[in-house]
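One chain, chain A, appears in both complexes that follow, with chain B as partner in the first and chain C in the second.
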Partner chain A sequence: MSKLGISEPRIDGYDKVTGRTKYYEDRVPPDALYVRIKHAERAHAIVRAIDSTKAEAIPGVVKVLSCFDVPDWPFPTAGHPWSMDPGHQDVADRQLLNRHVRYWGDDIAVVIAETELAAVQGVRALEVEYEEMPFVLDAQKAMEPGAPQIHERFPSNILKHTSYRKGDYQSAIQTPGLVKVEGWYETPTVQHCHIENHGCFAYMENGRITVVSSTQIPHIVRRIVGQALGRPWADIQIIKPYIGGGFGNKQDALYEPLCAWCCTQVGGRPVRIDCAREETFVSNRVRHAIRFHIVTWLRPNATIAARKVELWSNQGAYASHGHSIAAKAVNSFPQHYPCDNMEGDAWTVYTNRPAAGAMRGYGMPQASFADESNIDDCAAAMGMDPMEFRQLNIMPQGFHDSFSGNTNYYDSYRECMAKGAALIDYARKREEYSHQSGNLRRGIGVATFWYNTAVYPISLETSSNRMLLNLDGTVTMQCGETEIGQGADTAFAQMAAEALGLASYRDVHVVSCQDTDITPTGLGAYASRQTYVAGFSIRQTAELLKEKILNYAQSLTRQSPACMDIVDGVIVRKTDGSALMGLQELAMTAQYNPVHSEHLTAESSYTIRNNAYSFGCSFAEVEVDLALCKAQVIRMVNVHDCGSLINPALAEAQVHGGMSMAIGFGLSEQLLFDEKTGRPLNNNLLDYKLSTCMDHPNLEASFIENPEPSSPYGTKALGEPPACSGAPAIRNAILQATGVAIDQLPLNPHRLFAEFTKAGLIHDS
Partner chain B sequence: MSQYKLVHCNINGRDVEKMVDVRASLTDMLRNDFRLLSVKKGCEVGECGACNVLIDGEAFNACIYLAVWAEGKHIRTLEGLTGPNGELSDIQQAFLDETAVQCGFCTPGFIMTAVEILETGKLYTDDELRKLLSGHLCRCTGYENILRAVKKTMYRRLGKQIDF
Partner chain C sequence: MYDIKALYEAESVSDAIRLRLAHPEAQIIAGGSDVLVQMREGKRAGKELISIYMLDELRGVRLDEDDNIRIGSLTSFSHITRDPIIQQHCSVLGEAVDQVGSPQIRNIGTIGGNTCNGVTSADSASTLHALEAIVELTGADGVRRLPIHDFYIKAGVVDIRAEAGEIQTAILIPKESYENCYGKYIKYGMRNAMEIASLGCSVNVRLSPDKKYIRRCRIAYGVAGPVPMRVPSAEAVANGSPLTREMIDEFALAVLLDIQPRDSWRASKAFRQHIAVEMARRALTGSIERAGGVIV
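This part shows the complex of A and B:
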């Protein structure tokens, strides 16, 4: 019986519902010293001096280290695979502690102490002398002449600018009779808000440094710690325990390099860094705020004649993942709604805000908001139903992208929209809500997205896997791909059990917690890649192990390996299906054979030179209270084509989480900064307005399972896609309910009040 | 006032006493002195609910409850819910069955609030359940399956049909 497509319980579920699962903080040695970080209280400044006299006098304080003590070279932090091409390596623009303060919250010193209290008191007792400089918070303003220069190597603060030209936009728009639909769309700075803050601890053993960290990417972090400390990479061991969520924030080297370095400064004694929630918001990573300008030219038949997209991505103080996010966003447009004449430009710009990095969706929630808002405006301009407009213009079946090699093998978009529309009763509600008056108004909106699976061909895509046949006939499996809550380990166990012919996914023991000394090299959890890329190496390694098992079985059964198979953990003769030997018997015999003892293992790497389109849509039904300027989502449906599902219940749960994030992005979340000082204003969970379960309707997840032909298991991206299209669906539903197109997120009462007032729906009496 | 004080309380059915720093939170005491590591730290200022435990049957964020206030109290953590031979309670099993667990970091706190809800013996509406659970933040699940797990267990305990 197939092990795939079954909603098996998570393999880590029991430990998680009993509280036994160990996260990094549950593993900190009791003698670890506390490292607490002094964050700059200026948005842009040079640290002239730090007086640590008072801090050092505090009992329990062991050492104070500052930006004047750290190695004098910069390092990159992005969780990207190493590139053999120096031109494609990540931007190295920060030091362990920085003299040039580039945002309010920058790391300028640490206090190492025996107790947390002493460390915190020590940080408070530091006296910093700043030379203040003007700062800039807005990406476009940062490009203006005379704007404060944030990094010497980047004139006008432009980290990178990329563009594309397809056909001839300028000529195409001269065609008479075109309808122009233009808009500015803007998304805010938001944060990942995994419930476990980032933290780590480090210690030295036999001259090497071990860092146990809440990270998504242990192998990549090892390289970055090596770079930051100037040590050979193999001097570093990274251990990733279970982690309390990541969502991309932990797809970056956060405080592992600093923690490792602090460890070396106290003779290799264990040290710990534990981010407070307030630090997580500001001094980890955030999602890029992006401003878009879109001009779409429509023919009288409602097809798109030409389109121009410009975007400015607010990078904040350090490059982190940098332009990759803006590039992904701007490059989504020509494939989403293909047209013959397009211009696209994307600028990623340094500002004096917290560094923006990877966050679930990697530029696509922003792009989807802008694109799908503009598309709804296009539909309105043509007097068309928004879904009908999309069906006319969206990526057709058979569409091929020559860069990624992706093909839209099925008509996934239209299938997803049709299913979603049926589930939410779109057509009837659209009609019902078309003529409303009164204070409470309802609307229904749709939005779509596409998403790449993995990062080929932009970066290396590789996956390694190791399988060991145990003496009881079970298999132990090590993957480089990390479990961060999504359920990866369970899906991997199902995939391995299927490929090996084991009786149950429970017969695969996944070594969950990666250790770079032991685990075969993998890149980690990002880019919605893991089920796809691990699929290749799991299948390949399973086939190698199976071959070894059957070859060994030949010496015991005298049957040809070609005539044997493994079914439900038993070696069978294919010709008549009869059972020859259980895997346990084989493993014991192989291990303890006095003539030919063998531990049956297999290990392999697979370099993936594919990518795959993942598709989906969101439908949102909202009720708007005009007087309260409040929009409430009363129903929401997401439909995804992520290929074949390995574990439908886990897939559905993954979609719920993404929808929740999209609702927060749409309605309430934003990190605010004081315009006068650049200080963050709401970097805590009370004022940030993360959704609670009172802010959600029931979340409805549905799937179109078109098997992906390039994948050995028919899968493609699902991790990030659910976060992409929810916010514009809400925006478009508010547009139907009120007639007001609001082009800036979040759609909270403050914004609705301004927009409704402007539209004359309410009056400030 | 001395910086340390002896606290007597009952934790998961066992009478204990411990000398604690008067400035320590109940989270500190439970994690550091009793190694009850299901008590998680997500904000330490009472915003996220990850450290939630039951004190005399009532849910509290242990991070903003002083350890010394535990004097004479009955405290229950997730560890106390699991049977002596590792048996799961109905609500723990429901979290598994409903796929209400992802990263697992908010799970202990949520389950303990669920226990408080279930022990009232009342039948709550969905809106009421949402409000009762709203002191907990979760970024993985969208709360959907958590709500489902609590609701199903509530119905089962009351011997009622579930209207899903």
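This part shows the complex of A and C:
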């Protein structure tokens, strides 16, 4: 019986809900010293001096280290595979501690102490002398002449600018009779808000440094720690235990390099860095705030004649993942709504804000908001139903992208929209809500997205896997792909059990913890690639192991391997289906055979030179209380074509999480900064309005399972897609409810108050 | 990881008074949902604490000899909401404190701590003002009672005399404030849970026996000024008036004469003013409906 497409319970579920699962904090040695970081309290400055006299006098303080003590070279932090091409390597622009303070919260010193309290007191006792400089928080202002220069090597603060030209936009827009739909769309700085803050600890053994970290990308972090410390990469061992979420924040080297370095400064004694939530908001990574300018030219028949997209991506103080996000965002447009004449420009710009990095969706929630808002405005301009307009213009079946090699094999967009519309009763509600008066108004909106599953051809795609046949006939498997809460290990176990012919996914013991000394090299959890890329190496390695098993079985059964198979953990003769021997018997015999003992294992790497389109849509139904300036999502449906589902319940959970993130992105979340000082204002979970379950309707997830032909398991992206289209669906629903098109997120009461006032919808007299 | 210099655990009210006199600089801690958060932020770092959390004598709700509702200061929000006396006589207060933070916070947080913290956003505070609650303080010189309006001195500062060894021991809701009174509390937040009020509005009314007129109306706000405040201009509109939509609109607009919300990054003054009017309208409407009145 197939092990796929079944909602098996998570293999880590029982331990997690009973509190038995070990996270990094559960593994910290009892003698570890506490490292607390002194964060700059200026948005842009040079540290002139740090007086640590008072801090060092505090009982328990072991050592104070500052930006004047660290190695004098920069390193990159992005969790990208290393590129052998220097032109594609990540920008190295920060040091372990920085003398040039580039945002409020930059790391300038550490206090290492016997107790957490002494470390905290030590940090409070540091006296810092700054030479203040002007700062800039806005990406476009940072490009203006005379703006503060944040990194010497990047004039006008432009980290990178890319563009494309297709057809002839300028000529195309001269055609008489075109309708122009232009808008500025803006998304805010938001943060991942995973449950477990980032933290790590480091210790030295035999001259090597081990870092146990809450990370998504252990193998990549090993390379970055080596670069930051100037040590051979194999001197570094990274261990990744279970982690409490990441959403891309931990797809960066966060404090592992600093922790490793601090360890070397106290003779290799264990040291730990534990981020507080306030630090996580500011001194880890955030999502890029992006401003878009879109001009769409429509023919009288409502097709798109020409389109121009410009965007400015707020990088913050350090490059991290840099321009990859803006590039992904701007390049989504020509494929989403193909048209013959397009211009696209994207700038990624340094500012004095927290560094922006990877976050679930990687530019697509921003692009989807801008694109799908503009598309709804286009539909309105043509007097068309928004879904009908999309069906007319959206990527057709058979569409091929020559760069990625992706093909839209099915008519996924239209299938997803049709299913979502039926589930939420779109047409009837759209009609019912088209003429409303009074204070409470309802609306229904739709938005779509596409998503690349993996990172080919921009970066390397590789996956390695190791399988061992145990003496009881089960299999132990090590993957380079990481479990970060999404349920990856369970899906991998199902895939391996299927490929090997085991009786149950429970017969696959997935070694969840990655240890770079032991685990076959993998790149970790990012993009939405793990189920897809691991599929290649799991299938390949399973076939190798199966071949070894059947070859060994030949010596015991005298049957040809070609005439045997493994079915439900039993070696069978294919010709008549009869059972020859169980895997346990085979494993025991192979291991303890006095003449021919063999430990049956297999290991392989697979380089994936493919990518795969993933598609979907969100439908949101909102109720707006005009007078209270509040919008509540009362129903929401997401439909995804992510190929064949390995575990439907886990897939559904993945969608629920993404929808929740999209609701927060749409309605409430925003990291705010004081215009006068650049200080973050709401870097805590009270003032940063992460949406709660009380702000959610029942989240409805549905699927179209068109098997992805490039994948051995027919699967493609689902990790990030659920976060992409929710916010514009909410925006478009509010548009239907109120007639007000709001182009800046979040759609919180402050913004609704301003917009409803402008539209004359509210008044107090 | 709390920077606490010392912790003194009081065993009785008199012991708490003794500790207070012995350690005048010490901070009183009850449930700790405000104090510990402040200590973690460094605001009260290095302080001594006197815990009164074990004093069960300060827990519970009862009617005193004058039929005032007496709420022990250590009564948690969740106990207040579920208390039969509160539910029967003063459900608006149970409704208000049920909007604090989360279930966990409502289980640990106390009404005494909520008021002694002195912040304008406290969910109990506007309702206690609208109910003209009396604060009971017990010190070395005995018991002192004062109206809640006088208890709040300025933002974050309340009238508790450490030098007299005082702790807050009870909050009293006078019979006159709850008898035949019906109220509604509206909390305005940016999300539906885990929230601090952008504005809190509490109204209660007593109708005439024929339910045609408002005999007595009280309205109070949190976050409309540095401390919770009553709104006399609006009350004057409602008192003695018939139950008409025009009256309710006039009542709502009248709040602008008295409230003084400020501009901050959390919300603009204009926004708070707009919301305050709408909340007054809805809270009065809700109160009248709960009292059995019919708005014409």
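Note that the second predicted complex is superposed on the first by the 763 of 765 C-alpha atoms of A that agree within 3 Å, B and C clash if a C-alpha of one lies under 4 Å from a C-alpha of the other, contacts with A are read in each partner's own complex, and residues count from 1 in each chain.
Note that a residue touches a chain if its C-beta (ideal position, glycine included) is under 8 Å from a C-beta of that chain, and two chains touch if they have at least 3 such contacts.
Because the structure is a prediction, the values reported are computed rather than measured.
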Chain B versus chain C as contact partner of A:G485, first or second or both or neither: first
First, second, both or neither for A:E623, with chain B first and chain C second: neither
Partner chain(s) touched by A:D401 [first = chain B, second = chain C, both, neither]: neither
First, second, both or neither for A:I243, with chain B first and chain C second: first
Touched partner set for A:H750, first chain B, second chain C, both or neither: second
Winner by number of chain A residues touched, once chain B and chain C are compared: B
Contacts of A:D674 with chain B and chain C, given as first, second, both or neither: second
Contacts of A:R124 with chain B and chain C, given as first, second, both or neither: second
First (chain B), second (chain C), both or neither touched by A:E196: first
Partner chain in contact with A:M694 - chain B first, chain C second, else both or neither: both
Intersection of chain A interface sets (partners chain B, chain C): 117, 685-686, 690, 692-694
Chain A contact footprint on chain C (complex, rising order): 1-3, 42, 45, 188, 190-196, 198, 253, 256, 265-268, 270-271, 273-275, 277-278
Touching residues on chain A, where the partner in the complex is chain B: 7, 9-10, 12-23, 25-26, 117, 192-197, 242-245, 247, 276-277, 484-487, 649-650, 652-654, 656-661, 684-686, 690, 692-694, 696, 698-699
Touch list for chain B against partner chain A, complex: 23, 36-38, 40-45, 47-48, 50, 77-79, 81-82, 86, 88, 92-93, 95-97, 99-108, 111, 130-131, 133-147
Contact footprint of chain C on chain A as seen in their complex: 116-117, 120-121, 124, 627-629, 668, 672, 674, 681-682, 685-687, 689-695, 748-750, 753, 762, 764-765
